[in-house]
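The structure under discussion is supplied below as C-alpha cells; questions concerning it will follow.
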Amino acid sequence: MWTFLRRRIISSAIPLIVVIVGVFALARLTGNPASLYLPLNATEQMREDFTARNGFDDPLLVQMANYFGGVLRLDFGVSLRTGEPAGEMVLRAFPATLQLAGVTMLLAVVLAVIVGSWAALKPNGIVDRISSFASMAAASIPDFWLAIMGIWVFAITLGWVPTSGVSSPTSWLLPIAVLLMRPFGVLVQIVRGAMVTSLSEPYIKLARSKGASEVRVVSRHALRNAAAPALTVAGDLAVGLINGAVVVESIFGWPGIGKLMIDSILQRDFAVLQAAVLLTAISIFALNILIDLGYAMLDARVRPTTRARKRRVTPAAAQERKLNVQPTR
Amino acid sequence: MSTITQTVSESTVRAENKLVLDVDGLVVEIRTPKGTLRAVNDVSFQAFSGRTIALLGESGCGKSMTAKAIAGLLDPVADVAGGEVRLNGTDLARLKPKERRKFAGPELGIVFQDALTALNPVYTVGTQLGEAFRIHHGLSAKAAKVKAVELMRRVGIPEPESRVDSYPHQFSGGMRQRVLIAMAVALNPRLLIADEPTTALDVTVQAQIMALLRDLRTETHMAVVLITHDLALVAEEADTVAVMYAGKVVETGPVREVFARPHHPYTRGLLDSVPANIGRGEDLKSIAGSPPELHNIPVGCVYQSRCPLVQDICRAVSPPLEPAGDDRAVACHFSKELDNV
Amino acid sequence: MSSPLANPQLPPGGRSVTPPSTEVIALPRTLDTSKPGLFHLLLKDRFATAAAIVLVLVGLTALVGPTLMGDLATQQNLSATNRPPFSLAEGWQFILGSDSLGRSMLARLVVATQTTLSVALPAVGISLVIGSLWGVWAGFHRGWRETISMRIADVIMSFPSLLLAVVVLYVFSPSAANIVLILALTRIPIYLRTARAESAELQSRTFVDAARTFGTKPAAIIRRHVIPVVLPTLLTLATLEFCYVMLAESSLSFLGIGIQPPDVSWGLMVAQGRQYLQTAWWLSLFPGLAIVITTVAANVLAAWLRIATDPAQRWRLTLKHKRKRFIARMPVKEVA
Amino acid sequence: MSEALLDVRELTKNFHVPGAKGNNTLCALDKINLYVNRGETLGLVGESGCGKSTLARTLLMLETPDSGSVRFDGVDPFGLKSRELLAWRRRVQMVFQDPFASLNARMTAGEIVSEPWATHRDLYPTKAARQARLSELFTLVGLRPSDAGKSPQEFSGGQRQRIGIARALALNPDVIVLDEPVSALDLSVQAQVLNLLNDLQQRLGVAYIFISHDLSVVRHVADRVAVMYLGRIVETGTAEEVFDRPSHPYTAALMSASPHLDVTATAPRQRIILEGEMPSPLDPPSGCRFRTRCWKAQDICATLAPEPRAALDNPEHISECHFPIEPTRDEPEQLAHAS
Amino acid sequence: AVANSEPSTGTTSADLVRIVLPQEPPTLEPCEANLTSTGVVVRSNITEPLVERNPTTGDLDPLLATEWEATGDTEWTFTLRDDVTFSDGTPFNAEAAAFAIDRAVNSDLGCNVEGYVFGDNDLVVTAVDETTLTVSTVTPDPILPLRLSFVEIVPPSTDTAAKVREPVGTGPYKVKQWDAGTKLTLERNDDYWGDAPAYAEAEYQWRAEGTVRAAMITSGEADLAMGLGADDGAGDLGLDYPNNETVALRLTAEIAPLNDIRVRQAINYAIDKQGITDSLYQGAHIPAAQLVPEGIVGHNPDLKPWEFDVAKASALVAEAKADGVPVDEKITIVARNAQFPKVSEMSQILQEQLTQAGLNVELKMVDTSAHLQYQLRPFVTNEGPIALLIQHGNQAGDAAFSVEQYMTTTGAQSVYGTPEFDTRLTDASVLTGDDRESAYQDIFEYQNEEIVQFAFIAHQTGVIGKAAAVDYTPNSSSGDELRLAEITPVS
C-alpha cells in the first residue's frame, strides 16, 4: 500500500505543477491589478512602483520561478487586498469549505443509498419513477435560486433557521440542503443503476438460496457491491464541492475557499488565488487517492486475470451478462 | 404422465430411497416484449434420496428455469404459472416468501450454473460459507467461521484455516466450485440441485468435483438433481435421466436404458452427435435445424421441425409423455418405429 | 403422489379428446413484427412520450420562437414593469407577466430558449466529441497515451473553471461562443474518462482482436468497433451534462460572467430575477421551471432511449405490470 | 519437416503481471516447437490456462513473442513491414472461441464477413466481386446469402460460429487457427460445425490448428495432436499414437478424466483423478512441470526438466517425461478405458 | 420592540448593534478610509479626522481640531484638542496628527486617500506645539481643511512601511476581534474623549446578496443592512437616503460619432430619466442634470435635466448623419456588474433608448478590474466610441473633487475637455465662498451646453435596512461612514 501511495503521490505532482503554472499564467492574462489597488488618479509613477513592488514587470518565467521558490519555503506571497499572507487566508477558509462539503457529501450519500436502493428493488416501479423524477428535478434547480428561496421560506417566513452566516448550528441547515441537491440527485441515479445491476448478479441468487432475508440481501450483498461506482461518482461530486461551492458560499456568507477564490479572481489577488488553487488541487488529488484506497477496501479484487472457460454461452446467458454490466438509467 | 412418475417411484422406492422432490406439471412463464412465453411447459419428475436424476438438454431448453423455479429464485420477469413443486410433501410454489426462506438451506441446496461468478466478490469465502449458519442457526460470526472451516475441509479444500479468509478471486475455478458446493450442502439439505456444476471447468477438475458430489451424496443421502448438457457425464453420474426439449420433458428413464435404446428421436439424435463414436474424417450425424423459438412454438409436437419421423399427426397433436416400458416414458407418437429407422 | 390420476391439470375429458391447449400461449398477434418500432415503443411509455413532446416543443420554440417574438422580447415598457402573470389585462403576451423592464415574460422565455440551447447544445456537443474521441483513442492504445491523457483530465478537473471563465470573458470578449468554449473545455474530462474506460475494455474484446487479425488499422477499428459501442453510454452522459451545463451557465450569470444582456438565457433570467423573488416571483420561477422541465425531460428520454436501443434491455419497456398473484397461480388449463 | 507450412521453433512468450507479488513474469509459452503441414489438422489440447490461446494469438501476431521463431512458408512474419505484412495477414486467419463475443453485435452478418476486405481492398476490388464472394462464402458455410442483412443476435450459436468461419475464409487463408471453435456450442450444433470444418478442409485444402480441451472432438478432427501443460508441449504425435498409446502421464490423466458415454460398462470406471490443480504459471514447479500432480513423480523430476524424447517405435511421437508410460506394462486397465 | 420572532442567533440588546455590509472590509487601514468598504467601518468609529464634514449642512465641524484658519496663502493652522488619547493609551497631540498626515499623504504607502484627495503634491506638516499644527501646500488650497477631513489620525506607533489591518485610533470604538471571513466586532473605547456611544459593541457581518442582507433585517439577525436596493425585500424596514452618488454615461467625445455634439445631445434627449427612476427605483432617485447632487458646493439648482424627447433625439441624429457623421458606428455602453442595484437593468434600458434614437448601441458588462481600464487613464481606445456608465460619489461635499477628476482635459477620469473649459476649472478651484459656488454652477451649465461629455441619469438614493429595535437616521454619508455613535436603541 505504501508503494501505491508513493507512486500516486509522485504521479500527482506533475499535474499539480501544471495546474499552478496554468493558473499563474491565466491569472496574469487578466491584466495588471494596479488600477484596482491604486487610487483613481494614481500617477504613472505610482503604477510603476506598484508593478515593480509586486514583481509584475518581471518576465513570466521569472515570476513563476520566484513563486515556486517561495512555495518551497511555504511562502505563498501576500494578499494585495488585505495585506495578509495568502497561505494564512487560504488555510483559514479551507476548513469551512471542507466541513460543508464533508457533511453535504455524507448526507447525500446516505440519502442516495436509501432512496436509490429502494428504487432499485422494483425497476420502473412507482417508487423508482417518483424518486427518479424527484432526484432529477432536484439536481436541475439552479442552486442560487434555491438558496434564496430557502432563505425566504425557512428563514423569513417560517423563522426556523437563520438566513445565513455560521453563527449557530442551525445555520448549517440551509447551505447543506441547497448544496445537497445536485450530489443527491446524481447519486440516486448512480446508486439505483448500480443496485439494479448488483441485484441481478448471480451472487444475489446465491444469497437468496441460503435463505437470506430481503433486507440482508440488499444491505449486505447488493449494496457493498454497488458502492464502488457510487464512490467514484461521489468523488467527482465532492471535487465539485471543494472547488466550486462559490455560489452557495457567497449567498450564505460562508467563509469558505470558493468565495475566497472568486473574490481573489475578481480582485486580481493573484497570491491568494494561487494559494487557494494549490490547496484545493492538493486536496482533490488527495481525495482521488483516498477514493482509490476506499475502492480497494470495498472490493478485494485486484481485477485478476481469471478467465473461466466460456462454454456454451446461450443467448439468454449472453443477454443476462449484458444486463449485468449496464445500469438501466 | 403422472402414471409414469408413479411407476418410476415404485421401482426406485425399493430400498431406503424416499421421494424427496416431486415436480408435477410445472409451468414457468416469462414475460417478454413479444408476449408471454413458456420456458418450462408441464414438466414433471421426481428425485429420491441417495439418487441422482439428470436433467439433460440443449441450451435454452429450460433446465435452469426448472431449477430456479424449484428453488424459488426465478428472475422478476418469470413466474411459476402452474404445477406443484413438493419438497417432502410441502408445495413450495404456494409458500409465502418468508416461509419459503426457511426451506432454502436446510431443505434445499442449489449450485448455480454460472458458478464462477456466483460468489460475492467483496466478502471472504469464510463469511459467505458461514452465512447459512448465521441465518438459520443464529450463530455468531466466530462460530460460523468455525463451521466454515469445517465445511471447507469436508469438500477437500486444503489448508482451510488459512484459506477461510481469502476472497473468491484468490481461488481457482475448481476451488470456487467446491466452495459453492460446500455452501449448498452446508445445512445438509435433503435435496441438492446442481445446475451444470462443471461446465466451466477442465475435465481433470470436473472429475474431482463429480467425485466430491458422489461422496457427499453417499454421506448425507440427499437427492441430487444434476443439470447438464453432457451426455457422457449423465452416463457416468446419474441414475435416471429426464431429457428436455423446448421446455418439455420428452423422455425419462434409467440412464443406462435410455442411452442404450432411446425411444425419442431427439435422444437418439443427441447420442448420434457425439464425436467420440465416429472416426476421423467421417461426418457426424448431426440433428439438422435448430430448436423452435420459445415464442413461436408450433402446434403439435415440439420436435416436429427436426424429426426424421414426422407425420401429419405430429403437426396437430402434441404427444403426451406416456409410459414406455419399465420405468420409462416418452413423448413421441412414433417411439415404436424409432428402432426401425 | 397418492392419487396421480387426480392431477388437476388434466382436462376432465381425458387428454386424447381435446388436444392439450397448453402448447400455444396466446400471443398478442399485433406484436408479431420482430422489432417493434422505436416510435411504437415510445408511445407505450407514457413518461417517455411526455418527455419527447416536451423536448420537441422546446426545440420548436428555440427554432421559430425568436423570429416570432424577438421584438416583443426586447420591447421595454417602463410604465408596466413587474406585472403579475396569469392575467390577460395587458394582452396575451403578458400572460406570464412582465419583467422588471416591462418586457413580456413569455416572449423572453421563448427567446431565451434559443440562447440557452445554443449555449448548452454546442457546449455539450463539443466536449462530447473531443472528450470521447480523445478518450477512445487513449483507451484503445493504452500505455503512455492513456497515462498522459488521464493526467490532463486530472489537471482540467482540478483547475478552477471560474478563473477560466473570467479570463476568457474579460480578456477576450463576453460572447456566447466564449461561454460555450469554457463550458466545453471544462467538461471534456468527464467524457474523456468514461470513453477511455470503455474503450480500454473494448480493445481487448474478441471482435476487436478479430479485426486486428485482418491487419485493420487502429483508426479503422476505433471507427468501426469502438465508437458505436461506447456511443450510447456517452450520449446518456451527455444528457446529464446538458443539465449541468445549463446550471453552470446560470451560475456564471449569477456571478455576472455568463450570458450578457441584452442577450437572454434561462440561466440569466433566473439569476437576474432572484432579486425580485419577494416582489415578483415569476421573474425567476418560470425560467427555473423551464430548466428543470427540460432537463428532466431530456433525462427521462435518454434513459428510455438507452434501454430502447439496447437489444438486451429492450424487453423492459414492453412489460406490463406484474400480473396479480392469483392469476399467476391459476391452473394451466385456465390460462389457455 | 522443412517443407512444413508453418514451423514454430522455441517460441517463448512472457507476460508481465504488474500486481503480482514476488515474481511478476508469467511464462505463458515456454520454448514451443511445432509444425503444421499443408492441408492437415493439428490438434492442440490442454487445460485452461496452459497457454493454448496465447499460442494462437502469437501465431496471429496479436502478441509479440519474446524469443523463438515462426516461419510461415519460409518467412518470418514478425520481420515484415506494412505491405508484406498485410499480404501475410491474408494467409493466416483465426476463428474464435466465443461466437457471441467475437462478432460485433452492431454489425450485420454481411458486414462482419466482408470486414476484412475493407483493409484488403485489392482482393475483391469491385463491389460486385465482393457481393458475389460474400454470397459464395455464405453458401460455403451453410448459411443463406439472404441472411447477410441480419444481425448476429438473430443467429443461433452454431450459425454465429459459421459466420466467424466465413469471416476467416474471406481472405482465402492457408492456415486457420481455430481457438476452441465448438466449445461454446451445443452437442447437435457442434456436430454441424465439425462437419462443416471437415468439408471445407477437403474442398479448400486449408490447414487447421484446432485448439480444444475436449479430447473426443480433437480425436475426431486431428491428424496430429500436441498436448500442452503449463506453457510447454509435453507430447506430440499422430492422433492415433497419442490417443491410443499416450506416453506422458498427463495425457493419460486427461483422457482418463473425461467422462465416457459407455452405457455398457457395468462397474464405475477406474480413473486417474489428478490431485490439485495446475500450478500458477507465475511460479512453475522446478524440473518437470507436471511433477506436482504426477503419480509417477520421483526425486529426479524435481531437479531435472525432462528432455523431449521420441518413442522407440515412432520418431514422430515425442514426449517430455522421465518415466513415460510403456503401453505394455503400465496401467493396462485404465488405458483400456481411456481408448 | 422586536419585529420578528427571534431565531436562535443573537439578540437585540442595547449591548450590541449588528450591521451587515455588502462585503468584508479588505483591511481597516485608515489611510484608505475613503474606500467605502473600509471607511464604513473605520471612519469616525475607530479613527477620527481633525475636522469633519457635516453631511447634512455641508459645513465643517471641529473634531480633533477645535479651530483652524488660513495663516497664509498656502498655510493653514489647526488648534487641536488636548484631552484626547488613542485607544492604546498614547496621547493625541500635534506630533501624532503630523505623523498621521505625513503617513497618509507623503509616504510611499500608496494610500488611497493620497491619490483621491490630494493629488501629486506633498504637504508640509509641522507640529508647532502640543496643540498647534500647521499644514502648507505648494499652491493655495482654499479647501485644505475639507481635504484633511479625509485623513484619519493614527498614533505614531502605526507602521509606516506597510498598511495595517487593525488600526488604533481616537474614535468611540476600537477593534475587539476580527474573525476574518466571518465577522468583525468593535467594542466601546472607554477612554473616548467625547460622549460614550449607546452600544457597548458593534458586530459587522457581510453578505454579498442584497436580498440576503434585507432578509437578515426582516428576520431580526441584523439591525442595520447597508447597500440595499429597492427590491431587495426590506420593505418598510428600508430607509431611503440620498447618498451623493450620481449615475451618468461618460461619452468618449473624441471618437466618431460621439465627436459630434449633436449626437451627444441626442443621447441626453433619448434617455428617459424619470422613467428609469420610477420603474427601477420606485421614484426614489432624482433625475440628474449635473455631476453633483444638491448639498454639494457648486451644485446648480437651476439646471434642469435634459428633457426626454425621442423625436428630438432622432432629429439630431438624422441631422448629424446628413452632415456625414457616421452615426451607424457601433457605440458600446460599458457597465460594471453589481456596481449599484439594478445596474444591469439600467444598462439595458439605456441601450434600448439610445437605439430608439437611431444609434447603433451595444452593451458590455464587465467586472471591476475591467471597468477600471475604461474608467481611468490610460483609456481603452481601440474599441471605438464608448459610453461608460459611471457612478460618481462626491463624499467631500465640494464640486472641485468631481470636476478635477471628470472634467479637466487631463483628469484621471475625464475623456474630453477643451482649453477654455480647463481655464474655467483652474480658476474656480482657487476661489472661495460664494464665488466658488457660482463658478462651479457656471461650470456645470457650461458642460451641459458646450461640452456634453456626460449624459446624466440620476442622483441616487441609497437604502439602508433598519430593524425596528434601533434608531438611526441615515444621511448622505451613511454609505461611506456609518457613525455607530449615531445609532441608538429604541427606548
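For reference, chains read A, B, C, D and E in written order, and residue numbers begin at 1 within each chain.
Rule of thumb we're sticking to: a residue touches a chain if its C-beta (ideal position, glycine included) is under 8 Å from a C-beta of that chain, and two chains touch if they have at least 3 such contacts.
Nothing here was measured: the structure is a model prediction, and the numbers come from that model.
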item: Those chains which touch subunit E and also touch subunit C; value: A
item: Chain whose mean Cα position lies farthest from subunit D; value: E
item: Cα-centroid distance, subunit B relative to subunit D, in whole angstrom; value: 31
item: Whole-Å gap between the CA centroids of subunit A and subunit B; value: 51
item: Subunit B and subunit C, separation of their C-alpha mean positions in angstrom; value: 45
item: Residue numbers of subunit B (touch at least two other chains); value: 59, 172-173, 201-202, 229
item: For subunit C, residues contacting two or more additional chains; value: 166, 170, 274, 277-278, 319
item: For subunit D, residues that touch 2 or more chains besides their own; value: 48, 97-98, 101, 153, 156-157, 186, 213
item: Interfacial residue positions of subunit B with respect to subunit D in the complex; value: 58-59, 158, 172-175, 201-208, 210-211, 229-233, 235-237, 255-256, 259-260, 269-271, 273-281, 283-288, 290
item: Residues of subunit C defined as touching subunit D within the complex; value: 205-207, 209-217, 220, 224-225, 228-229, 311
item: Of all residues in subunit A, those that touch subunit C in their complex; value: 11-12, 14-15, 18-19, 22-23, 26-27, 29-31, 123-124, 129, 132-133, 136-137, 139-145, 148-149, 152, 182, 186, 189, 236, 239, 243-244, 246-247, 261-262, 265-266, 273, 276-277, 280-281, 284-285, 288, 319, 322-323, 326, 328-329
item: Complex contacts: residues of subunit B adjacent to subunit A; value: 59-60, 68, 71, 73, 75, 97-98, 101-106, 109-110, 112, 114, 116-124, 128, 131-132, 135-136, 167, 169-170, 172-173, 180, 183-184, 186, 199-202, 229
item: Subunit C-touching residues of subunit E, taken from the complex the two chains share; value: 209-211, 229, 231-233, 272, 275-276, 278-280, 337-338, 341-342, 344-345, 347-349, 351-352, 363-367, 369-370
